[in-house]
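Just below sit the structures, each encoded as structure tokens.
Both of the next two complexes hold chain A, though its partner changes from chain B to chain C.
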Partner chain A sequence: MRTSRRARAGQYAALLAYLVFLAFPFLWLISTAFKPARELASLHPTWLPQDPTLDNFRQAFDEQPLLRAAANSLVAALGAAVIAVLIATPMAYVMARHRTRLAKAATGWVVVSQAFPFVLVIIPLFLVLKNLRLIDSVPGLIMVYVVWALPFALWMLVGYVRAVPAEMEEAAAVDGAGKVRTLVSITAPLLAPGIVATALFAFISAWNEFFFALVLLKTPEKQTLPVVLTHFLGAEGVADLGPLAAAAFLATIPSLVVFALIQKRITGGMLAGAVKS
Partner chain B sequence: MTLATARKRSAKPAPRAGGQGRPVDHGAWFLVLPALIPILVLSVGPLLYGIVLAFTDAQSGRTEPTQWIGTLNFQDLLHDTLFWDSFRIGLVWAVGVTVPQFLLALGLALLLNEELRLRWLARALAIIPWAMPEVVVGIMWRLVYNPDAGILNETIRDLSLGDGRDWLSGLATALPAVIVVGIWAGMPQTTVALLAGLQNTPRELHEAAAMDGAGAWRRFRTVTWPALKPVALAITALNFIWNFNSFALVYVLTSGGPGGRTRLPMLFAYEEAFRYGQFGYAAAMGCVMVAVISVILAVQLVGRLRGGEDA
Partner chain C sequence: MRTGWLTGLVAGLLIVTGSGCSGDGSGSEDGRITLRFQSLAWQKESVDANKELVREWNAAHPDVEVEYVQGSWDSVHDQLLTSFEGGEAPDIIHDASDDLADFAYGGYLADLSGLLSQRLTSDIPERSWETTTFGDGVYGVPFLQEPRVLIANAEWLKESGVRIPTPEKPWSWDEFRRITDELSGGDGKYGVAWPLKEPVSATLNLSLSTGGQLFHRGADGKVRIRFEEGDEVVPRTIHDQVNTDGSASGSTLGSGGSDTLPGFFGGKYAMVPLGFSYRQQIVQQAPKGFDWQVLPAPAGADGLTQGVSPQTLSVAEDSPHKKEAAAFIDFLLRPDNMVRLARGDWMLPTGSEALRDPALRSEKDGWAVGTALAADLRSAPAQSVRGYPEWKDKVATPAFQEYYSGAIGLGELRRRLVKDGNLVLARYQR
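Presenting the complex of A and B:
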């Protein structure tokens, strides 16, 4: 399709404006992270650090237990991702292949669960976990994350299962393969990339999650990275900008890397789930 | 690719997967239980328990047993002006984020759908807000908004537009400032969803319309929008709910301040439950939030969706 030259110029101007809007906060975060204290105290901040330094990173690790927090986050996110996918995959398979009342109810739950304010779930969970002595513990947090990750894991996985032709399974059955054999040797390999993408998405979501972690984890040694990051803000918003920026930047890197790896699959998977019905 | 294949499959008159449906055999139950049990125990159960709690005087750390108090919490809520303030702020925030975000994301999606040179960069950048922890997004924008060392005020000073201000603690500027962050943070998902919707519309239709001499706006109205509408409605409804229930971003940016001007309902309920220990009262707030949101969505969307199907 031909587009006039003036329209093209307008399009590029608009795209440029979007690029600036999307990029500038992130560039500012990175720039702040590498600025020495002297430059941060200046009343006329510059776009780029004039005298880049790693002091802020050093100071960030001194001020808060970032490594331990990252380890907690890693355990919580990995645990949640693995368990969520292990239990969601079989259920998603049933939801995709059988249109029964159960599958419908599950689909309904997936949709409805998006509408609930977490506070309505977290208060009772808080009481239940307290009685189970799982409050203020990473395993307790994993349990919550698993259930929290299930709706979108099911959503994505149902889409991926639908993408595997049922005829292939039927052909295998005709050839005499049993149910389990069919699932293991036909369906599972085709589904594997989708399962991995779903797991990684669950991982990022849990790695980034804040509300449940804030409510459930009280002991500083057990807190996850997002919760520990807020400690940098200090009382009344008086913050040490350099270390704050450095720690925030570090906390983003894992999810940025993982997301970059699976970005196409995530968007594809979510939409495959969305367009299905 | 998965998307394309998935769509092709669902477009067909569904083989065995849909339609009449096969009965679930006993193996299926065995497959469903591992997920069903945690869902029932840790999601559906707590939800029902939460609704029950709304009718009790449950508090944290109290020794006397919890008592059933009927609708007392709801009666109190009715007269709690702070709660309704937060509710109003929540609605302003949800609309203020969802609507501009949709328009901006639609614009970006339309651009990304064109053969433009910097498209790859825009796509890459659009992913950043999506992958970032909300806490980091909040911290990052606090650095941008910082009255002295922030880039926003510095830019304003450079352009001689004034001295800038303390955006997040000004009574008038706090909510708009927070809304801008909300728009920024949620743009990627919306853009990606709309972009997929756009790529769903057949190119031939566009070309045919162009050949008939339809201008860009006319093509958008007659070809693009009708195809995009279902995706647009769904993502807007979800965004509205998510925004209304959001917490982390504003918690980090302002903690609800100044003077409660950005205190979203979730922040209010969180404080009530976990700072003041009023579990029953906070649960009642959650119930009211669900109820009102459901009604708004039912009225807004069901009506429109049905209208769309009839047309």
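Presenting the complex of A and C:
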């Protein structure tokens, strides 16, 4: 009993250390965002700003169109998440339920495709989008994000579909439900947490993406937040640290909000699935 | 059925985007030309100056409108390469001269030789043009540059009683080593902090002062590396300051320039060798009452000579309006305008007339020391050497890092730079 209590204390300590490790960069970012320039250059940095200021936020908004960039990012990330899920869900269902050679090959290809470096695909992609007249447009960027997110989304969803017992669908069929009815009324609700998690993944990866947005969007009014954030950086990594931290802090908020809104649904859904299986 | 909805989705997206598509950026349906100018200016004063100049140009040239596009130093090479390959590059391109070689040899940039005015061509000295000349063509206009200088804690230097160097009477490298030794207190205080996150360009550029060439082009046109006496002085000084004298902090060797500033402001280091434009950060961040000054980098057998890679303006080969683009560059780089750009970026202009401007000759914030160094700035040694980026990343950076930290000696450094380096360069020169 004593050993078990000690082990549990150790587990909590490890968990706490891990949380601190994860939270440190974010907390430091917040602290930096509120520090005046002279405090940022102090030899003895403090956890909390000694003389907190909103100047960095003022300067960030004054120098760069952060709201417009955030709106562009939001459209791109939401569009990518919705479309990726719409495409990946039926594909994942087929791949999970019909384990043919083709499905296996497709799974293999999905894994391999994750290893492609950006630079390898960007030029052909650029040319394709140019021919489609989709360069310098947010919908064009959404298409790229969908294609980029699709393999991993598919991979995630295949796992979720496999977790839904096929016997439940068979039972529905025995009860007279058609294929579509079964999918809509039985499978889809059980898949909901997986779909939400996948959408969240696609949203966050599109929200944070920098290079495609940098290359594909030319008009300043269409640039996304990660691209605008680099405008606080000079040559050889010199940075306007205060405004950069302020803008970066603001840029993390939408991801946090989206996650906070749907995290209950993810965990709730997972538990529900566990009981049913 | 499945194919149906997918086709519908793609078609839908095409319809949605139909109205949002871009043209080629230079359409002239009404006879009006539009040029896209991608600027990498990032500091507020510099962005403001660029935008203001674009507005002035547009007001004076109703037939040739310039559209300002904010670029970013981060990933600019890949971004430009993709734009060139896709035929969507901006008409006027802001970059650094050490990034131009691949684009120039790749045929992406226009040869500006016959496009620039005599005024601009003669205003910028030949040594600056060398940084953008590749083969027989000129592929960019060098317009801003920054020497490496010593930013010093003025009070510390004054109290120590050491001789304060000037551009006319700089320290020699030996004197510099002796003085940093004299300045360090041994109680966590150092005479100098070298921020050498990027050790190669700093070492090579400063080594020009001691006659270090490292890259030697033979009669066959091929470049070979030789590490001679002139190449040894700067690396040996830094190595000895860190490892023998203890007058330079070893902990800053892996840091960038900005990372050393807190220690500098906190009184840990008497001097920090930094690019000239770092003065802006110092003005912004230094504690109240902190007294600092700009000193010239030490001089060697070749005086104060050092290598630089100036910022440049180029025209895309694909631009249908090269003449107009060159005219805009000419406007942007008129002496008065060059001064505005230089002040915005806290850098030195390349133009001789701009350099004479009283605003850049002021003692305040060290401008006068910088302008006095302008005549000694040369093209960075490795600028036009094909294969340099690979040599730098795979051979030179780790070799210099290990040498400066004391892990290897000068002999091993030489062996790696020369033997391993020539193997790399040979692959690019077959």
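FYI, the second predicted complex is superposed on the first by the 214 of 277 C-alpha atoms of A that agree within 3 Å, B and C clash if a C-alpha of one lies under 4 Å from a C-alpha of the other, contacts with A are read in each partner's own complex, and residues count from 1 in each chain.
The definition used in the following text is that a residue touches a chain if its C-beta (ideal position, glycine included) is under 8 Å from a C-beta of that chain, and two chains touch if they have at least 3 such contacts.
Only a predicted model underlies this, so the values are computations on that prediction, with no experimental measurement involved.
More chain A residues lie in contact with B than with the other chain of the pair chain B and chain C.
Contact with both chain B and chain C is seen for A:233 once the two complexes are overlaid on the shared chain.
Applying the stated contact rule after C-alpha superposition, one finds that A:251 touches chain B and leaves chain C untouched.
Shared-chain residue A:215: touches chain B and chain C both. In the superposition on chain A, A:97 makes contact with chain B only, while chain C stays out of contact range.
Legend: residue contacts after superposition of the two complexes on their common chain; A:263 is shown touching chain B, with no touch to chain C. Of the two partner chains placed by the overlay, only chain C lies in contact with A:137; chain B stays clear of it. Of the two partner chains, chain B is the only one touched by A:162; chain C is not. Of the two partner chains, chain B and chain C are each touched by A:127. Residues 40-45, 86-87, 90, 119, 122-123, 127, 143, 210-211, 214-215, 230, 232-233, 237, 239, 241 of chain A lie in contact with chain B in one complex and with chain C in the other. Interface residues of chain B, counted against chain A in their complex, comprise 1-3, 5-7, 9-10, 15-24, 27-28, 31-32, 34-36, 38-39, 42-47, 49-51, 53, 58, 104, 107-108, 111, 114, 116-119, 121-122, 125-136, 139-144, 146, 148-151, 154, 157, 168-169, 184, 187, 192-193, 196, 200, 206-207, 210, 216, 231, 234, 238, 241-242, 245, 247-248, 251-252, 265-266, 269-270, 273-274, 279, 282-283, 285-287, 289-290, 293-294, 297.
Partner chain A is touched in their complex by these residues of chain C: 2, 6, 9, 13-14, 16-18, 20-22, 25, 36, 40, 42-44, 47, 68-70, 72-75, 78-79, 81-83, 85-88, 90, 96, 197-198, 256-258, 261-263, 265-268, 275, 277-278, 281, 284-288.
Those residues of chain A that touch chain B in the complex are listed here as 1, 3, 7, 11-12, 14-16, 18-19, 21-26, 28-29, 32, 40-45, 47, 86-88, 90-91, 93-94, 96-100, 102, 106, 109, 113-125, 127-128, 143-144, 146-147, 150, 154, 159-160, 162-163, 165-167, 170, 179, 193-194, 204, 207-208, 210-211, 214-215, 225-226, 229-230, 232-233, 237, 239, 241, 244-245, 248-249, 251-252, 255-256, 258-260, 263, 265, 267-272, 274-277.
The residues of chain A lying in touch with chain C in their complex are 37-38, 40-45, 59, 62-63, 83, 86-87, 90, 119, 122-123, 126-127, 130, 132-140, 142-143, 210-211, 214-215, 218-220, 223, 227, 230-241.
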